[in-house]
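After this come two complexes, each holding chain A, first together with chain B and then together with chain C.
For the complex of A and B:
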């Protein structure tokens, strides 16, 4: 596999050391300037927004912070967010595993179209992701009258929030697993099968251990988005306090009530989740450097991994 | 090589030793249809029900046009900023060593991981007239929060990782010998950058730009707090969809959604073509 970032820079440093000295004066200056500019940009757009969340949440002291996050409404928002993620993430994990199995282990026509379609939710605005379910299940939607007649609620209730979250996080696990499974090929599975393992045994004992880091990586990213989704959930939730308010929606309500400290306190929990996600992601990338490569252009990496 | 297996086990179709093709592809198609394809097509079918005249009347109102112009315009500006600074950040992270480089590299992904609502209130707190950065900008008469400039700032935040993460692998794979050859042949650092490095980066840079742009066009959570949301001035298209929905104007919301969907899908096809191009330039090794 291709070397990681660290390797590349190490060799540059080695080369430079071997060649004698640091780069010449003006080159060193240009280099310093570029580093300062880049770090300045990142401070402005990454570090400061993160810092301001924690500073604002503690603006009225730690007591006020604890009071804000132990408020019953905040608690019900936290519980709802966890519940939604607990349903949505496993659904997308099952989908990711089956889609990756079909795509990586078999050849069939329309495969690249299927891969594009799996990515489709990324091209859709979160607000539209919420809208489509209102159009289907809302009071004036296609199934609205039917649902009302049978006293079922999808929109403005838990099922709608789960559906919108599943839609928005749909590609996450699949797009991580497809290239990982493609890179692994099917030799291991074929060996297991020829030795008499059943398909299910092969999947559990051969495939799953092979893809475990990629799977964890996908779950991590999927979960972060599922817990943090705002636009899609906002459209389908109906904002019923204590009932259909997830954490991000609770942040919005508190903020719009000018209750800034409480809003930032709940936001700080979400920021901690983001930091934990980034930490987990870095650990997984350190264990499995090729995961880094899976960051974005997926077509690219799928084929790259094979070569 | 497949025939013997098929001969031993007649249930296995030739060439398919591994089981589960029908099951996994079937489930994939079912789930994809139920969650994504059917709901999305329902939106299109519903907009056909409006009739062309009504559809056009909704979409061509000044308020809708202004919101679309803002969403696409601000997204284009933000993606351009990200292309420039993303190139800089990727370059610095790949080519130079400095303290905490690993940490800085990991933090580039923060906009992916931070919930958009949190980003929205954080940026608003920073750029509000009495905020840390708003205070600094006020003497110059620059107001960011509650203006279209705020929309650009939020969209720049959201799109930040895309350009960096598309460029990094390409930069890592660049053959340093070519640059050394250029230097040996007497090229200055600037010439080497412009004529040796940049040509190799263009496809990835464009892809990163397009990905950042596509993400920014539909963004909602981080924008609505900082934008001020004044109709005709700082109201983005996704917010207008929400507003129409809250007024039970399903037709209006659907019409705007369809325009955005069509434009986004075209963009996605463009990105796919770009990635194929990137691949043809760099995948050959």
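For the complex of A and C:
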């Protein structure tokens, strides 16, 4: 799905080159129409709301903006959001890596079931994901009595929020890595092993460098979703101010209290985090095709030169 | 190091990749595993390397059981068809990899590693390429880097999986001769997998022909080519013409040619396999009348397609004559000629067509 981003760029470049050779006419008109349509849609539904967030948050001046962000409740929401992402993303990196490794490098019974399961969080509504955890770990849930007897809190506390976030963001890393690892096959790893490397050395020195771009890309997407998740977290958090409110939840509370400036100020921070993540992703995308472009002509040159 | 396989079997699901294989590879041999795709040759190589664990049988290294010995402890160099160079490392780092991952106690000091890598790059004639990345090299150069990398850890056995399969004919030919020389200089045991009979004949001292997971024939190259023990081997090593044996008045015939002197031909329905260079094309009387369909000059030989009388339903016969003879005789398309068979081999009826 996402892994083919660079390939898509290649194909569009090819298409553009082919189209450039064709005589202009109704094709040119269609092209213009499509571009205007896509750009118009994006401006109206993506760019404009983003601008509104920043405009609204600064509507009462920069002072009010700072005050809204430095409010202790806002501050605790920010810290909680970062903490959740800090726990959930590394967990999903480990899960994603193991799942992708298993699927790409081994044949086993139930492989297709595993692939479907990985996609499950994408398919179900986050609210349902949250409810599942309530049913499992809530006071009247399956494990509720056990947890209460041992004085453990999962729902309406940090563990619940982390669980819900891990569930919702699980597919990103795995989905990103499976096609990359499948394309690479097992030859490199088998060579490393035959040269005497241990499994761990093989992973660190051969596998990891081979998948580094895909992995980084997956981490960025996973992180963006982890910080922005609302539905699942909303169900399990309990909305305890200063304790279990993440940034998205805090924004909603402020908004419901008609505190628009503060709501938009926190929202703008969240948007900034998301923008920073997307910028990181763009930098990666921009570097990746460049690496390929420099590698390709060299290979061609080498082939022509022969041995 | 000598290698022995005892009753090796391996299945993938329902498919038996190899079955009951017994094979002895003496120390210092250069052996080719030859066969069509799906015959189990690569599986066998991977079992020797330790990349697959057999379901049955034993792998012996120097007489000691190594069936379940992990890959990294086997001291085998493995070279893949598509090189499997580490693309994020320079050529130098690729070759040095096996030395650098050794446990601290066994790892040679940096200067020694550098010297070893440089001497290996010299051996594969790539001393200038140490700082390059694999993507900057041609296919033949990359495969030589892969060889140098495998040799860096002083393997007892070198295993090569279709090592030249992805290369141009010219480069392939050069690398074959180079591998042969390298083997003669360094005296390790090598096993390579190929589906190219010419490659096997050119490089190996021993050829093992595999078919459907079993060993069909084992021998020195000339023997396997000239004295195939089965129709499969006969067909697989080089071109063949197939002519059904006909019985007339109790005598065996190939077309109008009486071959009843050949004792093997006495059963009806058996089949004769004849190589193109074993067919004599001439204008003299006698033999099997035929018409020349095409004449193709291929370097030193000339290949003729011939429609023999009474064989309309079969594919044309293929004959190969020397360039000199062709210059002297000048057979033309459409010309009527007479065919004689210098040599043939009879196989019983009912042999599978593959």
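The working rule: the second predicted complex is superposed on the first by the 253 of 307 C-alpha atoms of A that agree within 3 Å, B and C clash if a C-alpha of one lies under 4 Å from a C-alpha of the other, contacts with A are read in each partner's own complex, and residues count from 1 in each chain.
Operating definition for what follows: a contact is a pair of C-beta atoms (placed from the backbone, for glycine too) under 8 Å apart; a residue touches a chain by one contact, two chains touch by 3 or more.
These numbers come from a predicted model, not from an experiment.
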{"item": "Comparison of chain B and chain C by chain A residues contacted", "value": "B"}
{"item": "Touched partner set for A:135, first chain B, second chain C, both or neither", "value": "first"}
{"item": "Touching partner for A:190 - first (chain B), second (chain C), both, neither", "value": "both"}
{"item": "Which superposed partner A:45 touches (first chain B, second chain C, both, neither)", "value": "first"}
{"item": "Touching partner for A:209 - first (chain B), second (chain C), both, neither", "value": "second"}
{"item": "Touching partner for A:201 - first (chain B), second (chain C), both, neither", "value": "second"}
{"item": "Residues of chain A contacting chain B in one complex and chain C in the other", "value": "190, 193-194, 295, 299, 303, 307"}
{"item": "Chain A contact footprint on chain C (complex, rising order)", "value": "49-51, 70-72, 74, 76-78, 80, 82, 84, 86-88, 97-98, 101-102, 133, 135-141, 144, 146, 149-150, 152-153, 168, 170-171, 174-175"}
{"item": "List of chain B residues in touch with chain A within their complex", "value": "16-21, 23-25, 27-28, 31-32, 35-37, 39-40, 42-43, 46, 85, 88-89, 91-98, 101-102, 104-119, 121-123, 125-126, 131-133, 156-157, 160, 162, 165-166, 168-169, 172-173, 176, 189, 204, 207-208, 211, 214-215, 217-221, 225, 237-239, 241-242, 245, 248, 250, 253-254, 257, 260-261, 264-265, 267-268, 272, 275-276, 278-279, 282-283, 285"}
{"item": "Residues of chain A touching chain B in the complex", "value": "2-3, 5-6, 8-9, 12-13, 27, 30-31, 34-35, 37-39, 41-42, 44-50, 52-53, 56, 95, 98-99, 101-102, 105-106, 108, 114, 116-128, 131-136, 138, 140, 142, 163, 166-167, 170, 186, 189-190, 193-194, 199, 202-203, 221, 224, 227-231, 234-235, 247-249, 251-252, 255, 260, 263-264, 267, 270-271, 273-275, 277-279, 281-282, 293, 295-297, 299-301, 303-304, 307"}
{"item": "Residues of chain A defined as touching chain C within the complex", "value": "187-188, 190-198, 201, 205-206, 209-210, 295, 298-299, 302-303, 305-307"}
